[in-house]
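Next come two complexes, and both contain chain A; in the first it sits with chain B, in the second with chain C.
This part shows the complex of A and B:
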């Protein structure tokens, strides 16, 4: 058990971070190179001002007509995405690991707060799952990979919650927790989770076309 | 509620279109695979790859689409649903799709999407779904599987550089005829043909000389009364329309726009002013120029709505008496989402009409007319599908009517065609006009 723990909390962490950063960088660069070769148009029309204008509207809760028309979804999706990034970075247990390994640390949230936020993330995942099963327009677009991606995202939070509360088998669950976190990081550049990296570019490009060329809003 | 919708789409599958059916008969799976992969390799790149890789299948684009809303939320008509049935599958199978697949893809791309770009405003990632559907159209064009009537207009463009097989002498005859007619009203009125160095080249779409010649008459009256220094060419290149942009025949689209721009250059005009047409504006301002490697059009292009705004703002035309019937306004996608002319249009409407009633949603969020993007040009086989595919527009118009609107103003030929059918089919009993109709009617004219 110790060997496995050492393996997932040692080399595999490196592997997952390398895949995450290296892979995301690769995806970005290869997109940029391909665009230069085949879609010069993107470089020609991309505008910092209008790109940012569009991005800012879309990352503001209720900042677009779409968000305003779907208030529940808006609240869930914003809370989910914020917590998803916020919890792992500011969790005290994670910061202890950073402290032990690298002797660095920063501000962290209380365990109770983290506990509540983890439940929020898990509940959001359930919301997305139900949405996928129940809403015909989402179900129609759904493939097996969509469920797998959702599971990849939910797993670190379910297992982390389990481990923190020391429910039966929490030691193994702790290992699964680390592993699932690593899988999620590594999955980002390899799956549609890449939307995290590509969002500013796709939204920014559409914002540029609408703002600079068409003199219209895209939100 | 879902059942009738599915039935309707099944019925639309049975539509006989010789252009598509005969095109399919000439294909083999091998040929399909070859053409698809050749086109995708040569013409697509980062945008296609990024869009397809970024879409998280969330379905949020659905409610943007008038087809989806008008078919009782049938997911097959949602923007991403249409992408799923076409380009996703093509990419997944690496072009190994059969004739039936191409038949369906052609039907979806040409007759179930108007490329109105409303969905780009509902996708959080700003995925350009109209671009993805345009790729499908391009593939279908390269495979020779296009709706017959639409292809006929593309052939006309190719042979005559105009959309409606208007011969060169018929074109100039139409201008002289309208000039003569208008001279009964204003004796010294002129439609100056081939006037080199005029300030403005006034360009129209071929349906104007073909069957809406009164629009040329009205434009001539407006121009003359406002004292505008304008000209119209006697040569091909006068037509600003472009159905090749919509069939996916980009080579001919390039020829059309080149002829149009070169005509303007030859006449040494300062700018092109276009009649009340949306798709032509998209072609000249946004799409055709890019194919010719012009980032923006090589010569300024002004749409009629903006031109009327200038004339009214500068006081060059005066209103004798405001139009007294309550009006509502249809924001055409290609000049609103495509050029942000909604506020200027409202200035014009307010200047002309006593009572203006907004339809909802409006401005950039207005629903498409369901005629644009070449859909109305796909012709009679798809007419009922097009009208029923925009029930939501009928509801939107009806809501404006219940608040008092008696007249719909649509400053776009496609919107006009689409709304005319919708108003008639759903028994809305509303009048439909261009802005030019109203300006002509109520402006001060020399007695």
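This part shows the complex of A and C:
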């Protein structure tokens, strides 16, 4: 147990962070190079003003027609994404590990708050799963990888919740929790989770083309 | 009630009595990790059977493995600091982040356990519900 714990909480953390940052940077650069080669017009039309205008609308709940048309999806998507980033960064149990290793720490949320928010994330994942299965237009666009990605994202929260509540097998679950977090970090540059990094550029370009070329709104 | 059952009951009663008396005498034993500097507890108090731990860790004669004394950044080998709360040296000023003291405790217990590959290392192993 000690060897496994030391391994997943030591070298594997480094590996996952290097894949996350290095891989994301690589994806960004290779995409920029590809665009330069195959679609140089992207650089011509990219506009900070129109790009930011579009991004701002899309990151505002109910700030676009699409968000207003699907109020439930909007609420779930926003709370899900906020909690997804918020919980792991501001969880006291994570911060104490940063403190132990690097002597750095920051503001943290109470364990009870984290507990409630974790349920929100898990419930959101269930919502996304059901949506994929039930809605024909979403089902049509769904492939196996979508389910795998959803599982990768849900796993750290399910295992973390399990470990925190010390349900049966919580020690093994704690190890799986650390491992699943690392898999998720490493999966970001390797899967469509890269939208976390690409979002400002894809949305920014849409906004630029709609704003500067078509003189239309893209929200 | 058969004779055998009666004997078993009597033995159990006797054992319970012995245990009760023994625990009465051994109230001075350290069974938890406490520090008055922690005003608000985020997790349950750590259960720690001092004597059993030291026997298992084979450090009964070496108090300063844990109760150390540092002077100018160097550990003083022949001194120890029992009866001193960790927070007396690892001070926590008002408004300080309590994590700095938590860290000291964690590294003292978990850090050693990781090195020796023995003893609890995960959150819930020491802070049970």
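One rule holds in what follows: the second predicted complex is superposed on the first by the 219 of 219 C-alpha atoms of A that agree within 3 Å, B and C clash if a C-alpha of one lies under 4 Å from a C-alpha of the other, contacts with A are read in each partner's own complex, and residues count from 1 in each chain.
We adopt the following convention: a contact is a pair of C-beta atoms (placed from the backbone, for glycine too) under 8 Å apart; a residue touches a chain by one contact, two chains touch by 3 or more.
The shown structure was predicted, so the numbers you read here are calculated from the model rather than taken from an experiment.
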Touching partner for A:163 - first (chain B), second (chain C), both, neither: second
- request: Check the contacts made with chain A and report whether chain B or chain C touches more of its residues.
  value: B
- request: Return first, second, both or neither, reflecting whether A:102 touches chain B, chain C, both chains, or no partner chain.
  value: neither
Chain A contact footprint on chain C (complex, rising order): 42-43, 97, 99-100, 102-103, 106-107, 110-111, 113-114, 117-118, 121-125, 128-129
Query: Which of the residues in chain B end up touching chain A in this complex?
result: 2, 43-47, 49-51, 53-60, 62-63, 68, 73, 75-76, 78, 80-81, 84, 120-122, 124-128, 286, 290, 295-296, 336-340, 342, 361, 364-365
Message: Residue numbers of chain A touching chain C in their complex, please.
response: 1-3, 5-6, 92-93, 95-96, 99-100, 103, 105, 111, 163-166, 170-171, 174
Field: Parts of chain A lying in touch with chain B, wherever the complex brings them together
entry: 31-32, 34-35, 37-39, 41-42, 44-45, 54, 58, 64-66, 69-70, 73, 135-143, 146, 149, 192, 194-195, 198-199, 201-207, 209-210, 213-219
